Amino acid sequence: MSKDLDEILEKLEKGEISLSRLEKIIGNANLAALARRIFLERKLGISLSSIASTILDFEVLYGRNIENPIGAVQIPVGVVGPLRVNGEYARGDFYVPLATTEGALVASISRGVKAITLSGGATTRIIADGMTRAPLIRTESVSEAVKLVAWIREHWDMLREEAGKATRHGALVDFYPYIVGNLVWIRMKYSTGDAMGMNMATIASDRVCRRILEEYPGRIECVALSGNMCSDKKPAIVNRLLGRGKYVVAEALVKREVVEERLKTTPEAIHYVNISKNLMGSAAAGSPSYNAHVANIIAAIFLATGQDAAQIVESSLAFTWTEPRSEGLYISVTLPSLEVGTVGGGTRLPTQREALSIMGVAGGGDPVGSNALKFAEIVAATVLAGELNLLAALAAGHLASAHELLGRGKIRGGQS
Amino acid sequence: MSKDLDEILEKLEKGEISLSRLEKIIGNANLAALARRIFLERKLGISLSSIASTILDFEVLYGRNIENPIGAVQIPVGVVGPLRVNGEYARGDFYVPLATTEGALVASISRGVKAITLSGGATTRIIADGMTRAPLIRTESVSEAVKLVAWIREHWDMLREEAGKATRHGALVDFYPYIVGNLVWIRMKYSTGDAMGMNMATIASDRVCRRILEEYPGRIECVALSGNMCSDKKPAIVNRLLGRGKYVVAEALVKREVVEERLKTTPEAIHYVNISKNLMGSAAAGSPSYNAHVANIIAAIFLATGQDAAQIVESSLAFTWTEPRSEGLYISVTLPSLEVGTVGGGTRLPTQREALSIMGVAGGGDPVGSNALKFAEIVAATVLAGELNLLAALAAGHLASAHELLGRGKIRGGQS
Amino acid sequence: MSKDLDEILEKLEKGEISLSRLEKIIGNANLAALARRIFLERKLGISLSSIASTILDFEVLYGRNIENPIGAVQIPVGVVGPLRVNGEYARGDFYVPLATTEGALVASISRGVKAITLSGGATTRIIADGMTRAPLIRTESVSEAVKLVAWIREHWDMLREEAGKATRHGALVDFYPYIVGNLVWIRMKYSTGDAMGMNMATIASDRVCRRILEEYPGRIECVALSGNMCSDKKPAIVNRLLGRGKYVVAEALVKREVVEERLKTTPEAIHYVNISKNLMGSAAAGSPSYNAHVANIIAAIFLATGQDAAQIVESSLAFTWTEPRSEGLYISVTLPSLEVGTVGGGTRLPTQREALSIMGVAGGGDPVGSNALKFAEIVAATVLAGELNLLAALAAGHLASAHELLGRGKIRGGQS
Amino acid sequence: MSKDLDEILEKLEKGEISLSRLEKIIGNANLAALARRIFLERKLGISLSSIASTILDFEVLYGRNIENPIGAVQIPVGVVGPLRVNGEYARGDFYVPLATTEGALVASISRGVKAITLSGGATTRIIADGMTRAPLIRTESVSEAVKLVAWIREHWDMLREEAGKATRHGALVDFYPYIVGNLVWIRMKYSTGDAMGMNMATIASDRVCRRILEEYPGRIECVALSGNMCSDKKPAIVNRLLGRGKYVVAEALVKREVVEERLKTTPEAIHYVNISKNLMGSAAAGSPSYNAHVANIIAAIFLATGQDAAQIVESSLAFTWTEPRSEGLYISVTLPSLEVGTVGGGTRLPTQREALSIMGVAGGGDPVGSNALKFAEIVAATVLAGELNLLAALAAGHLASAHELLGRGKIRGGQS
């Protein structure tokens, strides 16, 4: 191949072939990745030896998970636990893998995990479950828009059946129409088994749209298969209100002695930080996310387990709520649009699958869907631990005298 | 060590020692990681051999980037380019590394990159630059709150000097106070050189708060060093309005023939998708982010280059704007709170550093800060490519007859 | 009474009796109003003779519409029309009363009305109808919250029947529960006949809450009969997404020659103003209301017809959408939470009732509810006229050369 | 005139003349109003005798405050007080006029007023003051947008001087530029004396835009004199963050015995309602306004005093914040965009001017602007009273047993 390679590199350099065509030209994705690396190394005078050092097999991943591959990036993974979870799907003590490069984050979550487990664990509940996709259809006028929505309602069984052809484990379960003038969004909601389900929802929605366009008697056009009312990879109140993926709550009643002895503060102090920072601070900032650093925990679990990193955006929309009680601190986190899966996408990759296996949720569940729900509950409980610890760290400073507060030189817990 | 290890594993099993203490007990972070892996493998009956296969040296990373390490997760990296950028800091043709597990994403961005480069490239501008941290201070009353803000203004030079002690490359440049009743947020803005700067801003703000608490004559207390008006790792309009990190714009005038021949659609069709989906769709959804899938591109670059993954949340807040013109399609993306750095945090890790080197932005710039700004411009130009392609893919469907539109079976480009 | 009056005034002055007690002491509401006026006039050295000049009879209004009355404020009323409306309830040509003190507003709306009527009129559609009230119930934990919602679902018929006891013309039709940790909002939706219905919904929700508290087996408490998820008198995306009051759309296809000859601009120019100002401008401002000055028209009709002025807030949440077409300009306004009624509240007052009669919608409709729906359609059509005119006025400037644009010295149409 | 009138009515009926032309044809605005009334009465078979019963003189108001007049609407006015205000501009005991048709509202505010005055009164502070107008300018590209902003900065003195030509009492004090791609908003901030100032700001901004268009060397166009970043008559976070009109805070420390004996509840119970309803409830609803019913009080004062009713929308954006303290309840309301004036607009009308005189703020202040600021402080203090009372009424229910809570049959205080 060395002669061929030189020729290829020369053509790349001259711009006669593009980086995207190497798999076709060379016929092997791992060799194509090598060729790309060599091209970049020579052209740019750099070394890519670390990126090259990967266990990934691009013959398997090419097109499914990556194109134009050159290797892999490695992100350190830490683990916290045991975290006791009293959920409907997750019951018991769990270890949770976290991929991050932010120093102190794992240590910080770990402290929250201990406080929760010492207090009897986190209770979790799934409030709703379903992945959404909202095609945008353009009609001529609002009266046509109203007719279209009525027609879809009338032909719902047909459309649900059509959607069903696109998926084995999922199903179209519901839709929410939204009309603005002559525009109509059809926000369709799918059960998706153990998959996060965005691909499935897209493909099924494509079938539904095609069927509507074929059979609807009026003049309409599909402007976009995704009309931003879905809402994917953008923070949106529609997701927070109507749910997307798993709508899950985790809560704990952290014992007063645990708050005082372990977290060095009081339930009352933590509560004041929560209402002034997480509620009023986010309100003042114009943020739809009322929490301290939920995105930190979501990101770390998502990276470790092969979730879609762009969905950290809406999966981290969350409400943190506290109540000081005589027994201690009631604290809950509510995540209305946690988009997770244990099959498909990045969960298939070797390191990510191992990370899922640490929580006992790798692959499909029995019954179908139960692994994803169990995983969602563990994620929520870990988020709870992260919130508890950061609020406590801030509150401990809050109670301390000014000098002590700030003399520690470093805030305990993740940045927020 | 095998005998010791058995003893340690036994104690871990019995809960006599916690996972967090292994580094201290064993004295070597790589061995501690090994011990944790073995403990988990035995306890859970799983294999962590892939996570173990890493080039990372935890003796270097422990405490700086990770705690309780067990290994690393590997995420495939693809590359797109050449992408022509006509910026103030980034000038020339660039290759951009993207880490993702979402199939078709790299291919999709690549198509947009080609269209932009064929049209002469993307123009980029930095509108503003500065990292923020907003401590929340509680006073007794609004009259005290007003006095405090006045006092801070009077003593600004002193406080700026105090902040300066915490950093070599950065500086406290400005502040925006916000009063709600007796609560005061001091949103301080820092220049941060080539670092993303959140750590620096936190440590410097800590000094500033301490100094205020020491010297201010009235009764006040620091409720939280971060009061959510910063706003870190939450989507917030305060960031979109006042900027956070780099406020950067990328634009291109994509030639009409490129739109028609390469992207198989028209400027007018793309424009209609943009205003109905990205503007009205996001408006209807209650989203502060008016774009198609900016988070996809942000996430892929952030993961490849060791940025803080939780900051994908606010870094992806973006406006996509289009205008059909006689020459072709004007398209711009505006990113008011892009938080990136080329030194510190995850950028120090070997694979991430290599990824930065592909764009010529690894490490500190000369002058200080220029690498981070150059990087921000490249990120914005790549985001532009991603938006262009997805809008075009949707529009191509839009123009096609219904059957053709949906017969392709698969939307071209990343999910949104 | 003069002797008594002096005595009363003296006691008022000394603070021995409060202004609120005069009706009881004097026994006549009109005399009480007189006493209050005299008290204020003497104490403050002012004249209230204009406020005194009213046709209102406080014997009728006291407690129903006002307390502590001193007279009335007079707001000028203008009228526009004929406005052609092609609705489901409003069909024909209408005159619309507008109460305002903003010069040029009525003239501006009038110009829009003419353009629409010349183009064949406005088409209107009611998308949804229902008034909401959302009590906030506190439970002990999320598992209790989930149980409560399930219990409500199970006992829905009973609760609906309970609500029915509070109202003759309305009914509880649906509910949307929302859970955040241990908190539960029950957003109940009522049909309300021709009334705006807030009072009825509150009283009925009170009964429902009482019944829940009586019969639910677990420990719960009603924190607030209105939990802000209703959402009354605050702008809220929940109203925009799920609707409140009347969800109504008005649209018109304004003929190209009308745009050019009457409005002195083009469909294309108006469209550009709409997408850059109403969509992108509101997006940039962080506003959930994407229009030019809908509140102006809503306010003017609300004041004229005795609607609740505080509900201008959410009734003016609106999307203005345009499309330039070969025939002319397609323009629509979508009002998802227009809260109007033709019976009850301020509609009973003499001037307000006359204003409603101008549109043929005074009092209850036949069938019940049809007057309120007809009124909602007329309001939406008038809003459309207001939006059309202001956008056109701005666009006319936009097209003119700079000197001409601004030489007119004054923007045509209402402020926005 | 009777013969002429018949002729005019006939032509109106035939559509030969429009309702807008009557002033010109008849030559007297009061007669024109009469003609319009007769036309409507005959055409529609209705009576407009109440609307006719007005003290308004349309010869004075025509064009300044109304067009196409037919008479006036009368809204009942109640009064509350004495309300003790400890402000910077308002100092002493005040009576406050409220125009409303919502039964119980005045009584409810009155109860709050008493509780506050008994506790020593409300403290108020003006945090900022300035009316804004944000023209939207379109450039060719982001590099042109950046140049334009730089040019405006360089020529600021010239532009400020230009603005000054439009106003005697106001001045252009500052601007905030905002760039999205090739679009630029120039959010200009004006001092406006005792006027609310929207007209002045518009006219001055028009001059500024004209001057920019004349002198700026590049190709730009003014898309809209109002680009929605102002943001007028829409709720917008830009106003909440940067302020618009008066940014004012009112607070009180309500004595524990007053809370218990007068309001029949406790500081702790009121606080719980505030954080769960006003903070978390609004958060859940997706509302930028964190309060119970601020719009009720704003609307009632605005109607009574001739403020712009459409500005109730953003003037009611408010944060209500509480803290239970040992002495009682700390409560504050923060109104960042209260748009009020004591001269101009509707304040000139006879009844409205009298209403202003009740508070001692009719007409211009000495020094200029002091009346408007005094008025703003009184408004904020009254809003505080309204919030206090409604929260207390809800909390009293909250504490009572279920039967007692709801047996009262009616919630005390205004709807929210």
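Note that the chains take the letters A, B, C and D in the order they are written out, and that residue 1 is the start of every chain.
Just so it is clear, contacts are C-beta pairs under 8 Å (C-beta built on N, C-alpha and C of every residue); 3 or more make two chains touch, one makes a residue touch a chain.
Everything quoted here is computed from the prediction, not taken from an experiment.
For the touching copies subunit A and subunit B, the fraction of interface residue numbers used by both exceeds half; the interface is of the same-residue type. The geometric centre of subunit A is 40 Å away from that of subunit C, both derived from CA atoms.
Averaging C-alpha coordinates per chain places the centre of subunit A 16 Å away from that of subunit B.
Per-chain Cα centroids separate subunit A from subunit D by 42 Å.
Multi-chain contact residues, meaning those touching two or more other chains, occur in subunit A at positions 178, 180, 183, 237-238, 241, 280, 282, 284, 286, 288, 319, 321. In terms of inter-chain touching, the protein chains here all touch one another pairwise. Interface residues of subunit B facing subunit D in the complex, by the touch rule stated above, are 123-125, 127, 141-143, 145-146, 178-183, 237-238, 241-242, 249-251, 253, 286, 319, 321, 323, 330, 332-334.
Against subunit C, in their complex, subunit B makes its touches with residues 237, 240-241, 275, 279-280, 282-284, 286, 288, 290, 319, 321.
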